[in-house]
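Two complexes follow with chain A in common, the first pairing it with chain B and the second with chain C.
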Partner chain A sequence: MSNFLKNHFELLGLAPRFAIDQTVLDQSYRTIQAEVHPDRFAAGSSTERMQSMQWATQANEAYRTLKNPTARARYLLQLQGVDTEEENNTAMPTEFLMLQMEWREQMADASHDQDISTLDALLQEMRGKAAELQAGLQIALDQEQAWQTAAEIVRKLSFIDKIRHDVEHEITRLED
Partner chain B sequence: MSTAPHQHRLAVGIDLGTTNSLVATIRSGQSTVLLDEQGHALLPSVVHYLEAGKVEVGYAAQLQQSLDPHNTIVSAKRFLGRGLKDIGDTSHLPYRFVEAPGMVQVETRAGIKSPVEISAEILKSLKSRAEKALGGELTGVVITVPAYFDDAQRQATKDAARLAGLNVLRLLNEPTAAAVAYGLDNASEGIYIIYDLGGGTFDVSILRLSKGVFEVLSTNGDSALGGDDFDRRIFCWILEQSGTQLLNPADTRLLLTKAREAKEWLTEHASASITALLSDGALINLSLSQQTFQDLSKQLIQRTLTPVRKALRDAQLDISEIKGIVMVGGATRMPQIRQAVSQFFGQEPLTNLDPDKVVALGAAIQANVLAGNRSDDDLLLLDVIPLSLGLETMGGLVEKVIPRNATLPLARAQDFTTFKDGQTAMSIHVLQGERELVTDCRSLGQFELRGIPPMAAGAARIRVTFQVDADGLLSVSAREQTSDVEANIVVKPSYGLSEDAIIGMLQSSFSSAAADKEARALAEARVDAARLLEAIDAALVKDGDTLLSTEEKQAIVSEMSKLRALASAEDSTVIHKAVESLNHATEIFAARRMDASVSQALAGQTLNTLEI
Partner chain C sequence: MAYSDKVLDHYENPRNVGSMDKNDPTVGTGMVGAPACGDVMKLQIKVNESGIIEDAKFKTYGCGSAIASSSLVTEWIKGKSLDQVMEIKNSDIAEELALPPVKIHCSVLAEDAIRAAVADLKAKQGIRDEQVA
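Right after this comes the complex of A and B.
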């Protein structure tokens, strides 16, 4: 099969699992870019330049997807034909929703007080919660093949990614 | 189909700076800045329009700054790809600005000039310096741009190069160029911060260096903050101290020059004396101490640390993980800046390369690689898009399509539909920036989609693809894809200079007759054809038998002979067509070669891993 038609895992020489070897991921990515990057074909024909751009774009997309745990899990589920339904399935356990609300409130208070260190601490807490969920993903995806459970965890992580992004945005706004 | 090894191609790196510009090349394996006939490395980025269509660039033009301020343009880079409202306060600038769609222009005695044309004059001067020094025509150039330049500013830079008759191999981010110059010299590994304070722009980039791979992790900056602003602080201080108001353009220019001289003097001395005789006979005589200057510039220095913090956060890095800080740009000579940086990072910054030259030196290294002169493929730059790209949605809000700091090149697709029955056109507003409101982001333009097949409302599915290439430049393509209609849709950007405007400028810049232009086009077409034939020949020798069937190979060989037969044709369009069809005939071959090289490289990597 052409490398160009492979899925992201095949392309980067990894087994389709949630737990991945970061070193192999980094190394394969760089190896591929060293071959296909547009800089290699700056003096090449227009055909080569076009193909090089498509290739390098695909390698970047694959690397970006597999490097990020939420995106990686979403992609694994997609390969299994499971839609994570992040747009329309917002049913969450009460406990998780409470935590969300608590974070939102803390963010609003800290923003109001222009308290960047509290926002930083909040980010830290979210990272901890995300790591916990990622451990659960590994079990659901790699050991139990429990796709629906995994999809629910992805939805939760997606929530956390969003609020983390909002907090970062808030910190940037305060620093300006 | 890489280039033939025997032939050395003349390639240079150009640092098109706000205050000064430079050109460098690789000589005997060393990156070297090329000097002008008087032995100067720097070319002041100043363009003076004289009578009778004459133009002066550099030191000669700089001398005219105070004498002929309306017609002597300094810091044109600040206006590249910028509208009048983007520039902000223009009261201290002695120019006659003319607002134009997309980009401001300046009225001079030589007519109304776009910043693209002004920058092209600087590039032409560097081109002629390089061609004299190297004894031949340049194959290609790498031009550096601030990492924080947006799409319009990058496009304007590329247009300027085109006007100057330069073949741009790549637009390279200035901090990345500096990292290349440093990294290759010091064989460094680890995470580095490039702190680049130029004449008019501030950039910060964080890179991971590992075995010749320069991976940009994040970049940030302020494209309206630079060494010029420090001059302006001193300028304002002079006015305040001397009680002077309302200056004419010549006096403004004189005092700005005095301010710059004082700033430079204070790098090595405790105080600077400022004396100037204004045109009304008033004498200014002041003494500025290092301490006062530090107080005046404190706020500006703080402004540079905000982008540094943002870049660290985007890369998810802590200050303790930074292996070194590279200082770039003449403005980083100011002791208070070095002090603030070393205090912030808790380590002394690296300053062993000349901060004025380091960007050009790095660009030359990259130009040499891109032109195909370097055979050992151990340098790879992975750069990022500095600012998010988004689309206007309901209520004047921006929806992000491509996040900042994503590695180039990249593409994202987004689906749209029609909202009226029989709708055949729609407009997409593309914006660049981090803010939520359309009015707070940089408008890159309304892209018009035309030729949508008429259908019921909501039935059409139009996939719009945003592709950002390795230069950080955006292109948009669209295609309607319902069950049985697949129509390509014409996309027209509406920002920057139009193709017609560029062709107009190109034509007016050639004094030569139409016949000369055709001769030039013909010569270029022949060179193109010869280069392509040579490359395919080499590729066929190497991989023709293993990757192609006899028939496939025959098809390529036959297209090649068709092109060869045209070698003496007198019509450039005929040659162009044959080049295009040969390019088309090699698509499968090129794809298989790339595939094979990836497979081989990955296999080699597995072997290496096993050996360890």
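Right after this comes the complex of A and C.
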């Protein structure tokens, strides 16, 4: 199947850019999903069943990657041969790391006090910061091809995604 | 994940947790972070007139291994010169704490924190660098 040679953007009919049309992404994904659904190949040969399964897996992976802004940027950089070094680059700007510490402290205090409204406010602040960084990513990737700048923003977003997830988890836990 | 006894010991009784005045000219502050896991580590060192680290403090948000790595490092660096602490390798930390391969990055973070704190102190002290080092 030639689809295995396509990258995620090609597979889902999108130009390889950070700014994407979510509607097109969703529609393409649904179309592919319907085409390759394993049920359609239930009566096919074992090779066909295997291929449809692999194709469906690839489509899922492509959709998941492109839907998430941080993953989409990381993937675009990967296509450019740029490693985001999220495993080994620990030299983040000090102000950014200070902010991470402050957020962690505020989160710990609010969790301790079971203060959901403070956690909600914190989450809003993080979403705002993430949106700001995503706007920067769009410029770095789509306009300036500034790959290293984009890689640094991905590292920052990686932090924010993690703490947002932790705060959301904490809110859910307290609400239960 | 099963933590080693040493990791648990440092995690449950972390040594030298706290902060020092980052504007003090004898204090060097190293802030590092690991994007992949969201860990943040602040390590501060205070040197005396002979250039020996007489106090160290840390504050870390992260997993048990990251906390243990920073706690261990504060113990190791006290009483040493800046040159001596620059020789500490992440593999020494990982070995001491028996960190599994997936947690090696926590020891890397601690090594990088030492380097960042030393660099900050040297930058602050400027010319005195030669005498201190």
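The rule is short, and it goes like this: the second predicted complex is superposed on the first by the 172 of 176 C-alpha atoms of A that agree within 3 Å, B and C clash if a C-alpha of one lies under 4 Å from a C-alpha of the other, contacts with A are read in each partner's own complex, and residues count from 1 in each chain.
Here is the rule we go by: contacts are C-beta pairs under 8 Å (C-beta built on N, C-alpha and C of every residue); 3 or more make two chains touch, one makes a residue touch a chain.
As the structure is a prediction and not an experimental result, all values here were calculated from the model.
Legend: residue contacts after superposition of the two complexes on their common chain; A:E86 is shown touching chain C, with no touch to chain B. When the two complexes are overlaid on their common chain A, residue A:Y75 makes contact with neither chain B nor chain C. Once chain A of one complex is fitted onto chain A of the other, the partner contacts of A:S45 are limited to chain B, with no touch recorded for chain C. When the two complexes are overlaid on their common chain A, residue A:E168 makes contact with chain B while staying clear of chain C.
When the two complexes are overlaid on their common chain A, residue A:S158 makes contact with chain C while staying clear of chain B. By the touch criterion stated above, A:F18 is placed in contact with neither chain B nor chain C.
In the superposed model, B is the one of chain B and chain C that contacts more residues of chain A. In the superposition on chain A, A:F9 makes contact with neither chain B nor chain C. Of the two partner chains placed around the shared chain by superposition, chain B is the only one that A:V36 touches, whereas chain C remains out of contact. Across the interface of their complex, chain B is touched by residues 2-4, 13, 24, 27-28, 30-48, 51-53, 55-57, 60-61, 63-64, 168, 171-172, 175-176 of chain A. Residues of chain C that touch chain A in their complex: 31-38, 40, 42, 59, 61, 105, 108-109, 112-113, 116. Within the complex formed with chain A, the residues of chain B that make contact are 1-3, 9, 139-140, 169-170, 210, 213, 306, 309-310, 313, 366, 369-372, 377, 380-382, 406-411, 434, 467, 469-470, 532, 535-536, 580, 583-584, 586-587, 590-591, 594-595, 597-599, 601-602, 604-606, 609. On the chain A side of its complex with chain C, the touching residues are 84-92, 94, 96-98, 100-101, 104, 154-156, 158-159, 162-163, 166.
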